[in-house]
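I'd like to ask you about the structure that follows.
Chain nomenclature is as follows: A, B, C and D, assigned in order of appearance, with residue numbering initiated at 1 for each chain independently.
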Amino acid sequence: MDRHDTEDKKSAVVERKTPGDALGEMLRAPAAAPLVPTPLETLVPEARQQTPAVRQRATRPDARLHGLGQTKYIDDMYFPGMLYAKIKRAGIASARVLRVDTSEAEKMPGVIAVVTGRDVPCNSFGPSLKDQPVLAGERVFHAGDGVAAVAAVTEQIAAEALEKITVEYEPLTPVLDPLVSLGLETPGVHAPSPNIYGHKVIKKGDVEKGFAASHRIFEASYRTQMVEHVPLEPHCSIAMWDANGRVTIYTTLGRITLGRADLARTLAVPMSRIRIIATVVGGNFGGKNEITTEPVVALLAKKTGRPVKCTYTRPEEFISSTTRHPIVMDYKTGVTKEGRILARTIRLVLEGGAYCSWSETTLAKACILSPGPYDIENIHAEAFVVYTNKTMTGAMRGFGAPQVCFAYESHMDDIAKALDIDPLEIRLRNALREGSLSPTGQQLQSVVVRDTLLQAAQRFGWSGDGAAS
Amino acid sequence: MATVTLTLNGDVRTASVPPETTLLRLLREEFGLTGSKLGCDVGDCGACTVIVDGKSVNSCLMLAVQADGRDVVTIEGLATMSRLHPLQQLFEDKGSLQCGFCGPGVIMSAKALLDENPDPSEQEIRDALAGNLCRCTGYSKMIEAIQAVARDGRGEPAKSAV
Amino acid sequence: MKRRGRGIACMWYPIGFTVSANPSAAVVKVNEDGTATLLTGTVETGQGSLTILAQIVAEELGIATDDVHVVSADTDTTPMDTGAIASRTTYVTGNAARLAAEKAKKILFEVAAPLLGVKPEHLEVGDHKIRIKGFPQRSLHIGDVAERARGVNGDPPIGSASFNPATAALDAETGQGKPFATYVYATQIAEVEVDDETGEVEVLRIAASHDCGTPINPMLVEGQVEGGISMGVGFALEEEILFDATGRQINPNLTNYIMPTSLDMPKVEVDIVDSYDPTGPFGAKGVGEPTCVPTAAAILNAIHDAVGVRVTSLPATAEKVYAALKAKRAQEGKRLGAGA
Amino acid sequence: MKAFEVVSARDARHAVALLAERAAKAKVKVLAGGTDLMADLKFASSSHAPDVLIDISRAQELRNISVTDEGLSIGALVTHTEIMRSPIVRDLFPALVDAAHTIGAVQTRNLGTLGGNLVTAVPSVDSGPTLVALDAHVTLLGPAGTRSMPLADFFVGPRKTALKPDELLVDIRIPRENLGKPAAFLKFGLRKGQALALVNVAASFWVDWGTPAFVAPRIALGAVAPKVIHATTAEAYLDGRAIDPDAMAEAGRLAVGDAKPINDFRASAEYRRDLIAVLTRRVLEGAFRLAQAKRLEKK
C-alpha cells in the first residue's frame, strides 16, 4: 500500500466558535482589510529619484499598489445602497422590435427598476455618425444590442429578472458579409442610409504610368478576421445623482471628455451637471473609448434614487463591446527588376459591423498607411467601410494598421522571392527616408525605418544567405 | 446561510454566507479583500488566483464552504508592515505589470510555484503562469521578475531594474 | 517534421488623430517645497502614461519623477484631454504637460533672476535647482524660489497650456495633405517552427526594433513592445470571433476565444532605435499601438519561409497552414505526375 | 449563480445516501473539484440550475493512489496535480502524467479531479484516452453496493455516462496485468496553454522483443467521436505485427476509419481525420520509445 500521494494533505485545524460569543464577533470583524506596508528602500538607486528624469527606467508609482492588490479598480468600489444592473441582450442579429414586456421582471422581489430604449432621452450616439442606440429602439442591428436593463439589489436577481423580460421580434434577414454589403442591391443595414458609410481615396502620381514602366506586376488579396481587445478588467460603470440633479459617474472609460459629451447628449443633461471620473482602468487597447453602460446606469440611478453599478460579463465583453475591423485587401504592385516599387493600387473593404463607432478614423488610417513605409511615386488607394449585422468594430490598437501591414508585408515578401532578392534588402531599397513624401504628399521627418530594419536584422542575426545565425 | 471559518492570511476568520457564494466573493465582499479580481468568473483568466492549503486555485471556481477549515492566502497576505514580498518588489522593479488587473493572480501563481520549486526553469515558470491571462505585458517582464526572485533565493545577487 | 523559418516585417504608424483636432490641456503647479502637481484629463489604462507625464514635467522643472504627483481623469478637476487613444498621450498630452511646466518655470525664473543677479533667459534648471547657465554653482533651490514666488511676489508658479498636433486637411479628391504631425517606424523579425504534418506553428523568438522618438522611459517602452507583440501573436495565429449563420457569436468567452498564454509567447528581444523628433516633448513621439502592427506579417512571412506556403487570411491557424501545405503537396504531386 | 443548497458528504457512502435521499425531490449535482460544474453553473439559466449540490470534496478515502492485488487504483477525487506528482503514476504510466499536464492550467489542475473529468465526459476528455488504452475500469458505488465496468463503456456519449442518478464514481482501476504497460498520450489543441483538444490519442502495447512485435495493442481516440473510442481496426491490424515505422503509419491511417469526427468551430472533420493519422503514429512511436527505455533500464 502506498499512501504517499495523499499524506501531506495538511489542512489548518480551526477551532470552531459559536457565532455570538466575543471571539466569534472578533472573527467576523472585517479586519482582514489589507495593511499598508511602509515604503522600503529599494535595492538599487531609485530611478524615480534621479535627475534628469527623462530616459530613466523609472518604476511606476502605481506598480506597488498593483502588486499589493491595493489598486482600487471600479469593481472594488461599493457605495451604500448600491444596486446592480444587468442588460438583456437581443440574441438576434437583425429584427424589428414589436414588443418589450418587462412587467414580470418588475414584479420580482428585489428588482427596483427596469428601463428600455423608450426611456433614453436621446437614444443615439457615436464618435462620428450618431447611429448607435443606448438600448434598442424599434430595431435590433446586431445580436449584442441591449433591449432592456434591470436594476436589482443583487446581481443574481438582476440576472434572473432578465429571463422574465419577453421581447417579441420580427426577424429580418441579416447582412453578414462585408462584400455582400458592398453590393448596391443589398438592403441597407440602416436603411435608408446606404451600407457604405465611409469612403477614402489617396491618389499620388500616376499609377498607370508606373505600371507601364514596371518590369513585373504582382497582384494579391488578403483578408483579416474580427478580434476582441480582451482587457482583463471588464467594462463597468457606477452612477449616482445628487439632489441638485447632478450625476457622478465612475467608469472604465479611456476618454472622459468624449464620454461626457455622449452622456450629455443621450441623457439630455447639461455638461456642467455631469462629472465623470475614470477609475484605474484594467486594460483598454481601444476598447474602452466610448460609452457602453454609462447612460444605462445613469438612467437607472435616476429612476431609483440609488447608486447603480453595471459590470459586463465576459461574454458581453465579446458580443457588446467594439472589436477590430476585418478588412478585405486587394493589392497590385509594379516593380523594377531591382525590386523598386514604381506603382501600387490598393482596395480595402472594412467591415464596420452594426455601428460606425471609430470606423472613420480606422478607414482613414488604414487607407493612408496601406502602401507601407515605402517611397512609392505612384499610388492609388481606395477604402470603403460597410455595415453588417455583426458586432460593431471600432477603435483597436493600430486602427487598421496591423491589417494592412499583414497585406503589404506579405506582398513584399512574395515580390522579393519572385525577383530573388533578400527580404531585408528589398525593404531597404524601398524604405522611406528623411524628407520622403508620404502617400498623402507629406514631407516626412525623423524617418528611421531603415535604422529599425538594420537594428532588428542585427539583433536577430539576419544574414542574406537565408539562415539565422 | 452557511458558516465558513478559515485561516485567512494567518488569521482565523468566520462569516455567514449563502451557500452558493464562491470563495472569491467571500474574500471580496465579506472580508473586503478586493485584491483578488473577477475577470471571467469561469476559471479561464486566473485573476482570482489565491492559495488554498499551499496550492494555487481559481477562487471563482471554489465555493466558500469548500474553504471551510482550510488555509487561504491572498495577495493581501504577502507583505508585512515593513517589507514587500520579493515577488511584489521585483514585479515593481522590473515593470512587470501594466494595467495590473491580472497582477495579484499572477503573483499568487508565482508564489505557489516558488514555494514548491525555488529554482524553476523558464519553461516551468511559463507553465505556472499559463492559467493567468495577461493582455498588456506579453508575460516577459513577469518571467524576468520571477527568475530574479528565484536567483535571489539561491543566494545570487538580485538584479534589479537596470 | 519541424521546419524553421524567419520572416521580417516593417511598418510606419502615425501619432494622434487623422487630421481632426485632438488637443490636450494640462496644468502644472510647483509646490513651495519644489515638488509639483500635474493635472491632466487623460486616463491611466495600463500603459504607464501617468509615469511618462510625470517624467516629462520633472525634466522640464529639473526635479525628479517622484517629485511630481499626477492628478488625472476627472471632468470636474482636470483639464480636457482627448484621451488614451491613438498613441497620442506621450506626444500630445506630453507636449501640453511640458508647456504647462515651462510656463510655471518662467514664473520661477522671473522670481529667481533678480536674486541671482541675471536675466531670466540666463537661467536653467537641474538637480532641483535654478541656476545660471554656465555657472551651475550659482543656484537657488527650486523650492525656495517657489516659496518666494508665492509668499513674497504673490505670483504662485502655476502654468497651464494646451497642445494640438499640427495637421492639414486632406484634399477631398486626391487625399493629399498632412494628416498627422509625426510618424514612428518599426521592424520585427520572427523565427518560427512549423510542424509540416499538422500545420502547428510555434513562434520561437521575435526581434523587435522600434522607434518612439526619445524613449522617456525605456523600461515602459519595452513593456509596450512586449505586450503589443503578444497581441500580434494572437492576431497572427489564434484569435478570431466566430459567428454562426444567423449572425450570433459562437465563441464569446476565454475558453473558446484563443488568446496567447505564457506558454504561447516567444522570447522577445526589444531594441529602441536612436531617434529624435523636434516637435515632441524632449524628442519623444509615442509607442503604444505600433508595437502590435508588424508582428502578424513577420510571423506569416516566417511560416512562408519555413514551409513555402502563403496564408493570405488571418488567423493562420494550424488547420489553415496544414490545408495550404496539403494543397501545395497535391499541386507538386500533379506536377511530378505530369512530368513522369 | 442561482441559489442552491450545499450538503457536505463525509465519505462516499454518505454521499450515496444523500443522493438517494435528495435526488427524488430535487435537482441534485455532485460537486468535486468544481472546475467544470462551477463554470457551467455561473451562466446557467434558472431552469437548468440545480437545487442541491452534494459536496464530496472532503471524502478523504477517495483521494488515494495505490497499487493493490487488483492493479493501480486512483481515487475519484485525486486531482490532476496529484496524478502528475505521484511517484507511482510517474513510474508506471508517464502517459497519465502527460495527459494530466495538458488539462487546463495549474489552478484548475489543483482543483480538478480525475473522477470529475471522467464524469463530465466531454468527447475531448483528456484523462480518457490513456485510461481507455490501458483497459481501465471504473468503480461505481450505489445504494446496493459497487459495480465495475470498463471506462470505455462508462462513456456513453457527449456529457453522458453510464452513471445512474443514485451512483457515485469512486475509483478508477488499471488492471494488474497492465501495470507498467508502455503507453503514450498526445493532445492537439489550438494553443499550448489551457488548450481544449481537437484530437487526443493514446496508445499502449507490450512488446514481444523477439521480433519485436506488438502485443495487446490498444489505441484510444478522443474528440473524434461522441465519446472516447478504441481504434479497433488499427488495434486488430497491429496485434502480433512486427514493430516498424510502416506498421505504425498504417495503423494511423486505419485509426482514421475508426473515428467519426465532426465539423465544428474548432476544426473541420477532415483536419481532425488527418490529425488522427499523424498523432496515432506518433503515440505508437512514443510508446515504443518508452518500451525501449524501460527495457534498457531493466538490463
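Assume contacts are C-beta pairs under 8 Å (C-beta built on N, C-alpha and C of every residue); 3 or more make two chains touch, one makes a residue touch a chain.
The model shown is predicted, which means the values in this text are computed figures rather than measured ones.
The most central chain, judged by the distance from its Cα centroid to the centroid of all protein Cα atoms shown, is A. Most remote chain with respect to subunit A, judged by CA-atom centres, is D. Subunit A and subunit C, compared by their mean Cα positions, are separated by 17 Å. Subunit A and subunit B have CA centres that are 28 Å apart. With centres taken as mean Cα positions, subunit D sits 47 Å from subunit C. The residues of subunit C that reach two or more other chains are 45-46, 48, 219-220, 228, 231, 251, 253-255, 259-263, listed in rising order. Residues of subunit B in contact with two or more other chains: 40-42, 44-45, 95, 98-101, 126-127, 130-136, 161.
Multi-chain contact residues of subunit D (touching two or more other chains) are listed as 1-3, 43, 105, 192-194. If touching chains are joined by edges, the resulting network of the protein chains shown connects every chain directly with every other. Here subunit B touches subunit A in the complex through residues 3, 5-9, 11-16, 28, 30-42, 44-45, 47, 53-54, 69-71, 74-76, 78-84, 87-89, 91-93, 95-104, 107, 133-136, 158, 160-162, going by the rule given at the top.
Within the complex formed with subunit A, the subunit C residues making contact are 4, 6-14, 17-19, 41, 43-46, 48, 50-51, 54-56, 58-59, 62-66, 72-76, 80-86, 126-128, 170, 173-180, 182-183, 185-189, 191, 205, 207-211, 213-220, 228, 231-232, 234-235, 239-241, 243, 245-249, 251-254, 257, 259, 269, 271, 273-278, 282, 285, 288-290, 292-298, 300-301, 304-305, 310, 312-315. Contact residues on subunit B toward subunit C in their complex (touch as defined above): 40, 42, 44-45, 94-95, 98-101, 125-127, 129-143, 161. Subunit D meets subunit B in the complex at residues 1-6, 8, 31, 34-35, 38-39, 42-43, 53, 55, 57, 81, 104-108, 110-111, 192-194.
Residues 46-62, 91-94, 142-144, 174, 176, 200-204, 220-228, 230, 253-258, 260, 274-286, 288-289, 314-315, 317-319, 323-324, 361, 364-365, 367-369, 372-373, 381, 389-391, 395, 397-399, 401-402, 405-406, 408-410, 413-414, 423-424, 427, 431-432, 438-442, 444-449, 451-453, 455-457, 459-460, 462, 466, 468 of subunit A touch subunit C in their complex.
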